[in-house]
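These are the structures in question, set out in turn.
Paired with chain B in one complex and with chain C in the other, chain A is shared by the two complexes that follow.
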Partner chain A sequence: YEVSAAGVCCAGISVPRMATGMQEKQYTPSLLSFFIYNPSFGPREGEEEKKILFYHPCDVEKNEKIRNVGLCEAIVQFTRTFCPTKPAKSLHTQKNRQFFFEPEDNFWIVMVVRNPMIEKPNKDGKPPTIEYQEEEILDTVYGAVLRQCYSMYKLFNGTFGRAMEAGGVELLTQKLEKFFYRYLQTLHLQSCDLLDVFGGISFFPLDKMTYLKIQSFVNRVEESLSLVKYTAFLYNDQLIWSGLEQDDMRILYKYLTTSLFPRHSEPELAGRDSPLRPEVAGNLLHYGRFLTGPANLKDPEAKFRFPKIFVNKEDSYEELHLIVYKAMSAAACFMISASVELTREFCEQLDSLVGPQLTLLASDICEQFNINRRISGPDKEPQFKFIYFNHMNLAEKSTIHMRKTASVSLTSVHPDLMKILGDINCDFARVDEDEEIIVKAMTDYWVVGKKSDQRELYVILNQKNANLIEVNEEVKRLCATQFNNIFFLD
Partner chain B sequence: MSDEHYLELCDNPVQFENASSVNNVFFDEANKQVFAVRSGGATGVVVKGPDDKNSVAFRMDDKGEVKCIKFSIGNKILAVQRTSKAVMFCQMNLQCVVLEVSCLCFVFRSLQTKNASVLGFCWTNWNEIVFITDQGIEFYQVFPDKRSVKLLKSQSINVNWYQYCPETAVILLSTTVQGNVLQPFAFRSGTMSKMSKFEIELPVVPKPAKLSLSERDIAMATIYGQLYVMYLKHHSRTANSPSAEVVLYHLPREGACKKSHVLKLNTTGKFALNIVDNLVVVHHQSSQTSLIFDIRLREPDCAVNTHQPVLPARSIHPYRIPLSGPTVVPSQPAVPCQLYSSSWSVFQPDIIISASEGYLWYLQVKLPPTVNLLQDKGKLMDFLLRRRDCKMVILSVCSQILEGGEKGSLPVVATVFDKLNQVYKEYLEAEQTYTLAMESGPSRGSAAQKRPVRTQAVIDQSDMYTHVLSAFTERKGVSHKFIIAVLMEYIRSLNQFQITVQHYLYELVIKTLVQHNLFYMLHQFLQYHVLSDSKPLVRATPQPRLSTANDEIVEVLLSKQQVLGALRFIRSVGGHDNVSARKFLDAAQQTGDQMLFYTVFRFFQQRNQRLRGNPAFNPGEHCEEHVVHFKQLFGEQALMKPATV
Partner chain C sequence: MDGEVHRAAASWENGTLAPVDRLRTERADSPTPGLVEGTEPGAGQKSAMFVHAQSFEDLTAETEEARKEAEGYSELGKPADSTDGIEVLMGKDTISEKQNKKEGWQDSKSKEEDVSSEAWRSHRKHVFVLSEAGKPIYTRYGTEEALSSTMGVMMALVSFVEADKNIIRSIHADGYKVVFLSKSPLVLVGVSRTSQSDKELMRELQYIYYQIVSLLTLTQLNHIFQHKQNYDLRRLLAGSEHLTDNLLHRLDRDPGLLLSAVTCLPLASSTRDVVSSSLQAAKAKSLVFSILLAGDYLVTLVRKKDQFLHHIDLHLVFNLVGSSSSFREGEGWTPICLPKFNTAGFFHAHISYLEPASDLCLILVSTDREDFFNLSECKQRFLERLSKRNAYQALKDALKSPSYSVAQVGIPELRHFLYKSKSSGLYTSPELPVVYQSEEEEERLMGLYHDLHSRLHHATRPLRSIYHCGETENLMAWVTSGFELYLCFSPLGTKALAVSAVNKLLKWIRKEEDRLFILSPLTY
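Coming up: the complex of A and B.
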């Protein structure tokens, strides 16, 4: 897992909130510590250190590490007495919140997040008063972030158990160190929200015919390059097709859109004389290039090594090479069994086969997309913002979030509103039935949550003087116009 | 190696008494009748047509050697020519009372063409006849009752020879000294119209000028509904043409005749031409083989109007003269027939006559052997789609390319599907235009619309499903990846031609995906509405409205008796807590499979236990009859009892 240069952030970012009078400082939630342990590795007294497989920050004194791990162990053990099947998930304290997760038997991951706080300076040189906002962060959001950490580790390394089998504790700690050292730097706890709970996939809207063309392309490539086991197809960082199973795609999608794609700028947008502009190979102009593996096929020194990923296969897992190949805005991921060694010849064959077709397809999609946009009318700034999520296919759509980058995900609404969305989501999670919740926020905004079958829709409306009935009508209208091809049971 | 003979003689030839010193044989191209005239007609004239209706036998007085004998259309009037100056008419219902009108006819014409000799005559209607003399062409109406003829039109012109195309009623006259200026005339109910003349380019211009274009080298036929004059251009050492070719001149009803196609024969020698199923067949005598050309098939590496043979040269399928027949003794074995015999006469469009053996055959194209001779499947489809009896062959080609499963066959599959659907779409559009025109009522001014003819080349979704796809998806040893790829390719092609996809194709995709537990793929297809337009399916089900695509899939699976597949599916989407148990139990009971019923029943009992802590069904679920059925099959004790705590 590689980290972009911009993405280092550990301490809370302070934001001046009030311009008048005394300066008040607000601190966003931040990561205090993150550790992984297995109680069965050091059951006897004096051997506690053996339990700890990874600890961040690493410069914490050994005894403190042991104390913290021991505390977590004790809490989990203690709470188990109340409900043996559902161990504790989080511990709320005034200053921070701890999240526990047991992804594999006896392996525990713990994440400690410092609560957001406001620092109020006092007169007369007294130390500033600190006000912890312990209710501002949501268990669902950070619980999901913790699970995502594990999923990402597993995608690139397989399970903890696999490393144990291959090389014991020593190998596992090495792998954990290597992976989490970098990964934790990319966690941006201050900008985690409802979307992390969903962990959804944004799908590219596409007409049926173009979609079928892509199907045809994928099938043809898989037929002529029989090594390819699975293919995924994305456009504009949005998914169109996945041959992988849903859960694997979910985490791969996360990796592609928050890490791999943002690291590669678009050379096809570069000027004519830019060194980034792709070369014209023979008479056949195409814009295809490898995002993983060799940067330049013509380079005699080029290495044909690709990242390996692990996906689920029935009761076990499957190790695959991940080839990501991109032409303009279209990206195709080809997954090939890791037992096969990939050669220059194969890469050249893939490049010459896929490059021209993918280039053509990318311009087809772009054209079709523009036609559809023209039909649906000019882009008017809508009077509302929404998040949509479908549990069945993990489809998510948000007009609240700006483009996600490796470093930070920006929202266009106030954090208070995001918190309300998160709260509504928690309410929905408690019951199975379809529900609708309408909230009038302090700031004249209306927030509407709608849950229907497996789908959830959250709308934020800015209509100061509207009453409940009008808001309800408005949302109905939105559903009819904006989501007309999605069923809502009424 | 399988049979490669793609041409054959028909099984039921017209048999007649073979030509001999006492028996003269004539063939009339217009009525396709063979006349066997024994002893000048005195001992009988036997007429055999393509079917028994056209077969007659009669006697007439021997008044000299018959030069030509033909019935008018519908066997109404018989015309017999015995001398170069006279033709006599007689009417069949008069029991062959001979009506000599020839004198009258030529007395009438004698002022202008005193010394004209009759080259021949053609009936263009039941009572209209055209005489071609060396000095012109004369068009008459015959009144047998009045025993008179009336001149309708005539034209003076020096004629070397003529050709007649009965299908279009066009007569072609060879004029000028070299004979290469051809003058066509068209006839239609009492009118004769002169079409524009045209000149055939001769390979060598002889000096001094002499007749250089033989009637043997010219034939007329309709190909794809258009009239063509075919010129067999022999190779000539002086004119720098290494091999012979056939030059086609398109002869439109109106407008000038144009040289339109050149068929390269790539050899020299004696040739004969036939037209079968809109293919130009060129027989080559010395090699005893035939070539076929399709003028609609474009050659990528040639100029647009130059054609190479579609297939390698092959001989006509060996033919054995059958045992049964009037002239054959039953104990005699079948005799192999000598093909490409010098005694063969070839007539347009598809007739081969062996006068010495007394047979008339229709030449036929056999499509199955072409499949293995034409490797390029796209070209093969283009070829097959234009043939008359193509349907089963096309379907077998489809099955064959799916069976092969060779690498890189998907693009071929796609090409083939696109070609089929192109034709299918054209038919659907024609049908729709027709229906619209009928609905809006017969509008004045526009000619009455003809209902479009559905040819065998229209391969619709039901054909593909029944003969190709259904069996293909069932076949063992085919990877499901390939099956899905093929089905999606077909759906893509249908969409590309904006043809509404039939629900059973979607069902096939759904079934295949479910069988391989590929639920996520299924979801993705639904998401992009690739499988969602199955309206008839939704309407066919008794429920008022199916709310989600999931319900639809369950309905499909249940209707296909895939009860476990449906259960697995609904569980995969987490909907099994809310589905109606009754629906599944009904379906399971209908299959008659007791173990299946048991499994489904237990599944829902366990669900009830999990949801309500009791395995029994709620009264609202209306499963009482299923409980009874279960008890009958497996006994009371097999029912799950509520867990006692």
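Coming up: the complex of A and C.
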């Protein structure tokens, strides 16, 4: 897992707010620590350090590490008094929140997030007063972020148990160190929101004809290159076709869109003569290139190594090479069993077969996309923004989030409104029935949440003077135009 | 929609205390959303009875506030010296465990249950009180002895986090949460399977804390534990556990505790005025509050000028009276600390029923522990005056129908509602309709109200209104600077109907406010 340059940035101090002449500093939530332990590895007193498999930040003193792990163990054990099968998932304190996750038997991952805080300067040289904002962090959001950390580790390394079998604690700690050292730097805790809870996939809207073209492309490639086991096809960072299981595709999609693609987008955007632009090595027939593996096939030094990923297969998993090949805005992922060694010949064959076809497809899709855009009329700022998620196919759609840059997605609404969406989502999660919640915030924005069957829709309306009935009408109109009336209760 | 959203300060967060006097002519006839505190239906016309502004936040605010309050009123309710109160408390006037057995619902409660059993674990809401030394003081279910190691762990967790200059708040798991509240020298822990927010649960623990303080005073509590850190407080609280049990039971179903408000016995204003003025006339030098209750309804409250009763203190009085049948047997005389008034000292309360079989209970709160006979005489004077002015019969008639049906409002889809007037600290609510009368359904409805309440009053993301449409009912909640309103509709109700129902209901409450609220509270 590689870190994009833009992805490494420190936990933010936002722009200081002016308050009665004195400067207040506002701090967003940030990662305090992240550790992984297994209580069965050091059960005896004096051996506690053996439990700890990974600890970030690494420069924490040994006793401090043992203490913090000890607290987590105590909390988990304590809650078993009240429910032996469902122990603690989070601990709230004045200064921070800790999230606990046991992905595999006895392996615990803990993430400690500092509450946002405001630093108020004091007169007379006294140290500043710190005010912790204890109700700002949503458990559902950060719990999901923690689970995602594990899923991402598992995608590239397989389970903890696999590393244990292969090389014992030593190998596991090595792998954890190698993966999380970089991965943790890409966590942008201050910009996590409801979309992290869903962990959905954005699908590219397409007409039937073009969709069939893509499907037949995938079939042809899989037929010609019989080594290819699974294929996924994306356009504009949105998914069109996937042969993987949903859960595997979900985490792979996350990796592609928040890490791999952003790292490669700059060269494409750069001008033809820019030094950033990779050498197209005289091949003017197509725009295809490998995003993983060799940067230039003509380079005699080129290595034909691809990242390996682990996907689910019945009760087990299988290890695959991940080849990501892109032409303009279209990207195809080809997955090949890791037991096969990939050669220069294979890559050249793939390049010559896929390159021209993918280039053609990309321009076809682009044309279709522009036609559709023209039909739907000019972009004008609508009176509402929405997030939609379908639990059945993991489809998500957001007009609240702007295009993702590097691994951060920006939202176009106030963070408090995003948290209200999160609150409504928590309400929905409690009861397994169709519901609708309409709230009016103190800022007079209306927020509507609808849950029907497996679908959830959240709308923010900027019509401050509207009443409940008008808001309802507006949302009905939205459902009719955007979702063909698949929704909901009245 | 460009992120330029400014957080509006929640208006109730800086609410003023008692509203200024208002003339009747200033009160709008037709209720509109613009109604502000003091003009909403049910607003007291002369002055408020309670210190109730910031009502909800009171409970969650830091304790300094309470301390300041206590200092302000220090002439009243002087701190009792430590042995004094305990003796009185243990005296025959307090309630013994035997009487507790008479309370029907408590019979089902078994203190002896096995604390490792599934039945014990699955209780909806556990509450534990312990000392800072980790010694058990109270458990709602099971015995303190059996839970002493569990409570030891609780205390260890509290101190462990404290050692990092941090404070433990809560632990969350699937389906339940554990909430911690440190109120030195006590630690309170709640384990809840309800959907209530941390803040709501914290508020309930605070009530339990005040309940214990009301029996001992904070001064004594501190004194005891300073003296002997390892003290077993159960020795002092023996016989009073049912007060805490009862309070917990109320917290689950009494909307007044949720709303930080009190409900009144519906009564013609002419009758109420006579009752109030009779009570006002029956004053004595050391008398601070005269309170007439009818079950869980307030009939009237007369207070010494400039002295306010906090709704929490009044709820503790309600709980004391409601938890004990001994006051039916004659005139009771008991020390009571009203912790929101002053955590340092005891008042002395004369508690008696107007008639043995009646629900009308008179509470006279005095600062003088030798005042029993004086207050007894006050009661006689009150009764004589009441009979002379023919109000007693009217009062007894009103008692026959202490509640009203929601059908009187005339909105078919409306099943139930809670309406609180912010300035008077009073609320009104019809009796539960048939669908919510079973214990389970009643708790569920209250749970829904709790959810709405905690969303509206969220610490950093408060809301103006909520409309919730579900499969079993539609709910609506609305808060303005003047009132809070919670409505429960049948699932067939539409949004348009809800909007018109609110207007209709507010008009109805305005029309009935003379009867449903105390509009002209009196002082001596």
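Assume the second predicted complex is superposed on the first by the 456 of 490 C-alpha atoms of A that agree within 3 Å, B and C clash if a C-alpha of one lies under 4 Å from a C-alpha of the other, contacts with A are read in each partner's own complex, and residues count from 1 in each chain.
The working rule: a contact is a pair of C-beta atoms (placed from the backbone, for glycine too) under 8 Å apart; a residue touches a chain by one contact, two chains touch by 3 or more.
Every value quoted in this text rests on a predicted model; they were computed, and no experiment measured them.
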| item | value |
| --- | --- |
| Touched partner set for A:N219, first chain B, second chain C, both or neither | first |
| First (chain B), second (chain C), both or neither touched by A:A480 | neither |
| Touched partner set for A:V169, first chain B, second chain C, both or neither | neither |
| First (chain B), second (chain C), both or neither touched by A:M392 | first |
| Which superposed partner A:Q246 touches (first chain B, second chain C, both, neither) | first |
| Chain B or chain C, by number of chain A residues touched | C |
| Touching partner for A:A295 - first (chain B), second (chain C), both, neither | neither |
| First (chain B), second (chain C), both or neither touched by A:Q454 | first |
| Those residues of chain A which chain B touches in one complex and chain C touches in the other | 489 |
| Residue numbers on chain A that touch chain B, as the complex places them | 203, 206, 208-209, 211-213, 215-216, 219-220, 222-224, 226, 241-243, 245-246, 249, 391-393, 395, 432, 453-454, 485, 487, 489 |
| Residue numbers on chain B that touch chain A, as the complex places them | 407-411, 414, 481-482, 484-485, 488-489, 491-492, 495-496, 520-521, 523-524, 527-530, 547-548, 550, 573-574, 577 |
| Footprint of chain A on chain C - complex, ascending | 1-8, 10, 121, 126, 150, 153-154, 156-157, 160-161, 166-176, 178, 191, 195, 198-199, 451, 455, 458-471, 494-496, 498-499 |
| Residues of chain A defined as touching chain C within the complex | 71, 74-75, 78-79, 81-83, 86-96, 133-136, 139, 381, 385, 411-414, 416-417, 419-420, 423, 427, 430-431, 433-445, 460, 462, 467-469, 472, 489-490 |
